[in-house]
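Supplied in structure tokens, the structure appears directly below.
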């Protein structure tokens, strides 16, 4: 079994805000991440799949096709958009890095035929990233 | 003369939009950068100053004080904010990387006493950056 | 379960030296890393914690609080110090990257309440890093 | 148990081509990676070993000796060579990143005495890497 | 005047070889870079243009159009090709990083209408790059 | 004229301290950089030379020979040493990044025959670097 990782990138706006809380509670927990007019990030997304190497191709998966799937199903829906307002699969979900990584997993796992999704790694800044390996 | 560069970072939302144009014209020129609900970036800011080396300290400028000035005058006003809505010195300016770099120069040059501002370099993504050296 | 990683950095001096060995043996094993007047590194520290995502916040842990803990308990004790001479929790320990990563784990695990420490990754140079996952 | 990783680099030419297929089939599967006159990459190789820390040295393994082994057994055979034509241990193997990582594992595991090979990570571009942990 | 830089990337094979020299002389000067079956690199190309900022757009140049031009005129001709054999504008030129940067300048300068080409920076490895500013 | 840059690296200890000042004054100006037992850095050194391209080789300078010169004259004298105690050409000089860059220039310019030294860039941390272009 070999693990193959493809990186894609997207630029999005978001804010962290719990609508069932008071403004003060949001500010206390989320700080400036709760600012009302949003801020944003250059997200880096690392999708890792695992599988056996096909002796005909030398591939676990065709990484260019994998890139196309990630771009079509994930990046085009997130890139240059607002994670709180514009993304159907993030509706009613606080767009933390953790929640976004889990939502990407849920969205992506249906589109992988010949290999298995192993990890969604989402880098928010050079100092913060999350990894999700499914449940 | 020695050139010293200090890097700072900020995360902000923005959109590119000319309010004197039609929606169609904005879309034609700015593409998805004009999306109404904003997107965002992890901006990297490199401030370069130049000067002679003080023989008492070995410094062109105390880089920690320089960092404090950049943080106080620039980063705190931009970080986790919306460049179209929240930043006084970007009011009525299209927040392109070019315009933001020029505005940062204009704001910062007044706060440097012992050295001279040489360059404002602003990195928007890993593929795009601008440099401004003053007029 | 989601894994969240926070990066912090510190700059420290050290040398590799076993005081029970002769000078020649130290030189044979550690080479120039045994130089008597020390050398140093820009260390990068990646702390990974794991836990369930709190539905109220979207967080495994508040990454800014995690950063504060790492800075207070680890970085402030190591940064701009000498790992052989200045750090109480490295007393009588050869300050190899391996030993330092283990000591950081031991020190840090007591301060994490809502999540579990998963990995201490310590990068010494762009070509060398270690990872410790506990015993 | 501690995991230690050493990075080495090599620059090589290759093409992806299955000699049992037609030209058209190669083109359909491998695209421009099948171009007849080769292309190339700056490969980054991360070798991770695991073991207990020797109390005399603080080392899992002497990372400089590990580097020497990787350079002698792997890098010198791949660097500035053609993976399709010049490398004995890649003979009759399609030089995909997956196959190269597996071949490096097979070649390297015999040369590690005091520690265990844990992972061969091979980075082909900033967007693509594979990891192999043995069978 | 503002300077704007766009990064593009390509992967290519090459060898350094002077056909008017003996094999021994090529080997003496170029070392393993003269290996007959080629090696290769992940090249990074930074194209810097300069100009005034258009008050209507905030742009020196539309960076996405600039990217399209670089991709169409340069990257598509170099990427996944062999610099010695496949590239019309490198015919009879030793494909050193220096010569390639100059050839890219010559090819690109004709396609920039609204701004001026300032610098072609070509990164061959993490340790070597060249910059060309025209004659 | 083409500019060629070679990167080398070294790891060194240092402290910032002016022996003609009181302890309090050193602490006031240099802060924790004055700590008595030293700290250290992974320095990155970028040496840029300029010259015409030799039509026989395609080179401004043989970058491998340039690397050898930098390693022999600079890196071997700084690497794994203490900039305050071990380096002859830094004797009685406060080892700030500025002063070290100037000293490297002075030392290196005598060893370049076929090209001209253009810039010494010295990176102390990911947030701080200096550039010196001679007097």
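Going in written order, the chains are labelled A, B, C, D, E and F, and every chain counts its residues from 1.
In this section, a residue touches a chain if its C-beta (ideal position, glycine included) is under 8 Å from a C-beta of that chain, and two chains touch if they have at least 3 such contacts.
Every value quoted in this text rests on a predicted model; they were computed, and no experiment measured them.
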### Message
Strictly by the touch rule at the top, which chains does chain C share as contacts with chain F?
### Response
none
## Note on the structure
When D-E and C-D are ranked by contacting C-beta pairs, first place goes to D-E
### Query
Where in C-D, A-B or B-F does the C-F interface recur, with over half of the contact pairs identical by residue number?
A-B
### Query
In whole angstrom, how far does the Cα centroid of chain E sit from the Cα centroid of chain F?
29
### Task
Report, in whole Å, the distance between the mean C-alpha point of chain D and the mean C-alpha point of chain F.
34
### Summary
chain D residues touching 2+ other chains are 126
#### Entry: Inter-chain touch pairs (all)
A-B, A-C, A-D, B-E, B-F, C-D, C-F, D-E, E-F
### Message
Going by the contact rule set out above, which residues of chain A touch chain C in the complex?
### Response
16, 18, 21, 29-31, 93-99, 101-102, 126-133, 135
### Task
Would you pull the chain F residues touching chain E in the complex into a rising list?
1-8, 48, 53, 56-60, 62-64, 67
### Summary
Seen from chain F, its contact residues with chain C in the complex are 9, 11-14, 32-33, 35, 37-42, 79-82, 85-86, 125-126
